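Scrolling down, you'll hit the structures one after another.
Two complexes are shown next, each including chain A; its partner changes from chain B in the first to chain C in the second.
This part shows the complex of A and B:
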């Protein structure tokens, strides 16, 4: 029963969607302010969600219906599971269900894969194009992310347990305090940007270009669920960065404030990057990750071997 | 029944059934098939019985009692007995169990699948003989007995593909030559071991790889295992075989039985027959990860879906080789578990491919699309298999890859050269899994999603003989994934690999429960909120009239990647078959024979010059 509570209420579905919704609002508000607009009210993400629930759901006549309808459900499931597995060690819940870094890495892939499969199942040529871009982007950033992950495992002394990684950082200082940690932060943040499909890596749903791409055929409930998964990932990915590089969260006294600040700071960074860059093409993004980000990550790994 | 008798049954019964089936005329195809299925079922029962027995060494000599004790023949038999020892240990029994399972499942499928145009002659006979000899090879303890069983399997593999046109005939020939050559090299390896004076029974070999001769013997034997399993650079028969053989043959041999056998022999070689030094470990790890990456990179650009599966059959071997090369219990467990999982989903994928080919008659992804609407069962199975091979949790492919990754990370704590490079193995193995996902997105969506052509509207997906094997294998994928950590690994794998402790945590059952709950909840939401409010409409094409030809073909997805500078060069080289050991060797042999035939031009004065030149050289040597 406790497992079900963790998954659906805290730190799973309910908590993650509320927190993710607020982070998403923060991102939108900040974007608006940067563009000299007023921006949405604080509850706008939730209004969006509720309104979409009430809307008609349209399914394309070319679609493989069951797969198309289930894809957003899988996206939310994957996002929630990764959220639970990240936060349970953070909150020190002893008997919750647990997973290690590799499991979380794979679960964080699930929302993206679900979007891709949902888009392909919709039978829309533009969605196909979006899916093709998304999966190529996935190949690009996944390799950089793996290098970063390997470097973190190396720095943590060949352990993949989230709990041990947080503990080690709290005892000996966050990984970002070292030179290799600083270097790792750059590719990891770029991967987060790409995973969230924000500019400059929004080529899969480029609205001005291919009219929403992978999300083009989603509507009503399916779109609501897809958006929900995006909200949750808005919480999950920055939290993941904090856990593996920035010393994790601590929930006693003043540390609560610090933890919150870390989270908001990272979202701020993501928002700033997305508002100051143009969209890249597939080739450019692949080159960006395969050459530059991998180079940085490899240098960081070598430094980590040297103990820096 | 004694274990000895059960062992006799799993080896002799299928072979005998195969022999009997030769006698039944071709016209009675279904009679033959049903008899074969019955034999396969009985074989499966005996395999399960054998799996429940304890480990022991068994002498399979029979009929010794018939000869009088005073006869001189007794002495001969006593000598022969050492050759006839069978080792019924955990590894062997596990493989026999799965050989039994696949034989039965694919036999049932073949009954519904095969049709006269591409049906190999005496299909079911060779099929059953393969099963029997596989069991024999797995159980044999003496290397010569093993080679005997193993060699016959090369022949049956050849017999299970029919050369109905020049392409399939040349694929069959290539398979036969590569497998045959590797068997020859293996015999050389056995000869080296004999020369070194080690005992020839696998269980008591334990050769240290200190100097050149044991290493040479190891390499000879490992080439045989690699060729059978299809690891780089001895893989090139697998994609060809997969493209031209009937899908049931591909599902039976390269996808499941050859993997089980090849990896079985690798397990014996790496962990029992030889003690690997760190350089061999390094080389084996390089072979492992390069097999993963090369196989999957080639799969990514294929347009023929059976060939795509063939390259994946190569790529997945890399994971197993990597797991066994680590040599730690965690790595061995991962390799072993991955071997079983791979056999399940890969043979399942070939069954899916077979059905698609059977119903549409097309081999190319771009000719297909939208089949999910007419083949829902096959589509469901294909989704499960594809996600499993791509390693998406909580399916079985993830569970075993996760074990291998754990193994690599733990291996990294060691001191050796190979240990220190653990990051390379880890990153490449995990990246291979992302590329696998990418190529299965192509496989799934190219065949099953998108626009359905009108000619395919009449396809029916309701033949029990074809559906049941797919569903059974898909269910196995799910069960092996869901209960991986709680049941499959502790109950089945640990007894073979030895005890180990995890470094990570993967609570497969809990996560699966949550996934199941989410699916139920998702369905509920759809029923409650949406109900009848779903509207079916044409896909939105920016306000234009949607035309299904205005697509973005899935088959072209990865053109961007294959055209990047370095990869373009590599793909070009692969297209010219520079990495195909068969073509390279063929080029070398033909080159030499061309040179020789140039010398033999039949002109007398030239021969005279050769004779005189030879005389002069001999004189010089003598002086």
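This part shows the complex of A and C:
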């Protein structure tokens, strides 16, 4: 019973979609303010979601029907599971288990892979183009992210448990306080940007170029679930960065405010990067991750090995 | 008014179909997205795929070549769908109404919910039209 509650209510589906919806609104509102616009009302993600639920769901005659309809469900499930596994140690509900860092790393990949599967099953050439771009981007940033995680595991004294990593940071100061921590922050934030498919890495769902790319064929219910998975990832990915580098959340007294500020601050950073950069092509983004981000991560690993 | 109706009105996603348009209406429509008019505060965004659309905005006169395409686009869109005919050409055919390639104004091809006349209509006219449609 407890597992069902964790998955569906707190800290799973319900909590994650409300918090993620708020963060997604914050991102849109901030984008609007940066462009000197007014921006959408606070309940806009909720309106979008309910409207999409009520709309007709179209499946193309070219599509692999069941795979196409199941892909968004997989996306929401993967996003929810990663949210549960991150927040159970964070909120002190449980201690997690050895190796949950690795499990979360793979679970955070599930939404992206589900979009790719859905797009390939939709039978639309532009969707397939978007999916192929997303696969290439995935190959680029996942390796950088693995290197970053390797450095974090090294810094945490060869532990792969989220709970131990948070505990260590709360005793000895956040990892970002060291030189290697600062270096690791850069590639990790770029990976988050790419995982959220925001500019400059939105080449897979480029609206003006390939008409929505991987999401082109999604409509009604399937699009609603895809949006929901995006809202949840908007909460999960910044929280993951906070847990592994910024000392995690503390939920006593004034620390609640600090934890919220960290989350809002990271979303602010993501939105600023998104609003001040042009879209990169496949080659440019691969070069960016393979050469520069990997270089920074490797230097950080060496520094972490030297104890800096 | 139910919850879904309310949410539908609060989050209209526009898909833009330009027929044989002179692009003037299209430019005026894009003005609605600029900081001065900012339709996103009403929840409206321009989407790239007709599968996401709640509103089909048709501008320009419809000629023999784009008639079948307009029909296809309309059938591809998930319902409920609102259709808006923009500009003199979209509403009646305008100066092209007697041309030999003209295939009829928009409402002779697909059902139209809202007409916004003008050559081109101002962004204010566009917003006023949508408000009238939603309060109907």
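One rule holds for everything that comes next: the second predicted complex is superposed on the first by the 303 of 308 C-alpha atoms of A that agree within 3 Å, B and C clash if a C-alpha of one lies under 4 Å from a C-alpha of the other, contacts with A are read in each partner's own complex, and residues count from 1 in each chain.
In this text, a residue touches a chain if its C-beta (ideal position, glycine included) is under 8 Å from a C-beta of that chain, and two chains touch if they have at least 3 such contacts.
No experiment lies behind these values; they were computed from the predicted model shown.
Asker: With the two structures laid over each other on chain A, which partner does A:295 touch: chain B (first), chain C (second), both, or neither?
Answerer: A:295 contacts neither chain B nor chain C.
Asker: Contact-wise, after the overlay, does A:58 reach chain B, chain C, both or neither (first, second, both, neither)?
Answerer: Both partners, chain B and chain C.
Asker: Which of the two partners, first being chain B and second being chain C, lies in contact with A:179: first, second, both, or neither?
Answerer: Neither partner.
Asker: Would you sort A:217 into first (chain B), second (chain C), both or neither based on which partner it touches?
Answerer: both
Asker: Who wins on chain A residues touched, chain B or chain C?
Answerer: Of chain B and chain C, more residues of chain A lie in contact with B.
Asker: For A:199, decide between first (touching chain B), second (touching chain C), both and neither.
Answerer: Touch status of A:199: no partner.
Asker: Now for A:103: first (chain B), second (chain C), both, or neither, which partner does it touch?
Answerer: first
Asker: Contacts for A:268 in the overlay, against chain B (first) and chain C (second): which applies, first, second, both or neither?
Answerer: Touch status of A:268: no partner.
Asker: In the overlay, answer first, second, both or neither for which of chain B and chain C A:18 touches.
Answerer: The answer is neither, since A:18 touches no partner chain.
Asker: Starting from the residues of chain A touching chain B, keep only those that also touch chain C in the other complex, and list them.
Answerer: The overlap between the chain B and chain C interfaces on chain A comprises residues 53, 56-58, 211, 216-217, 220.
Asker: Name, in rising order, each residue of chain C that touches chain A in their complex.
Answerer: 3-4, 6-8, 10-11, 35, 38, 40-41, 43, 47-49, 51-52, 54, 76, 78-80
Asker: Write out the stretch or stretches of chain B touching chain A in their complex.
Answerer: Spelled out, the residues of chain B in touch with chain A are 370, 372-373, 379, 383, 391-393, 398, 402, 405-406, 409-410, 412-413, 422-423, 426-427, 430-431, 434-435, 437-438, 441, 444-445, 448-452, 503-507, 510-511, 513-515, 517-519, 521-522, 525-526, 529-530, 533-542, 546, 548, 550-552, 554, 557-558, 560-561, 564.
Asker: Under the touch definition given earlier, write down the residues of chain A that touch chain B in their complex.
Answerer: My answer: residues 3-4, 7-8, 53, 56-64, 67, 69-70, 73-74, 76-77, 80-81, 97-103, 105-107, 109-110, 113, 116-117, 120-129, 131-132, 135-136, 138-139, 142-143, 146-147, 150-151, 153-154, 158-161, 211, 216-217, 220-221, 225, 282-283, 286, 301.
Asker: For chain A, which residues count as touching chain C in their complex?
Answerer: 28, 32, 35-41, 43-44, 46-48, 50-51, 53-58, 207-208, 211-212, 215-220, 223
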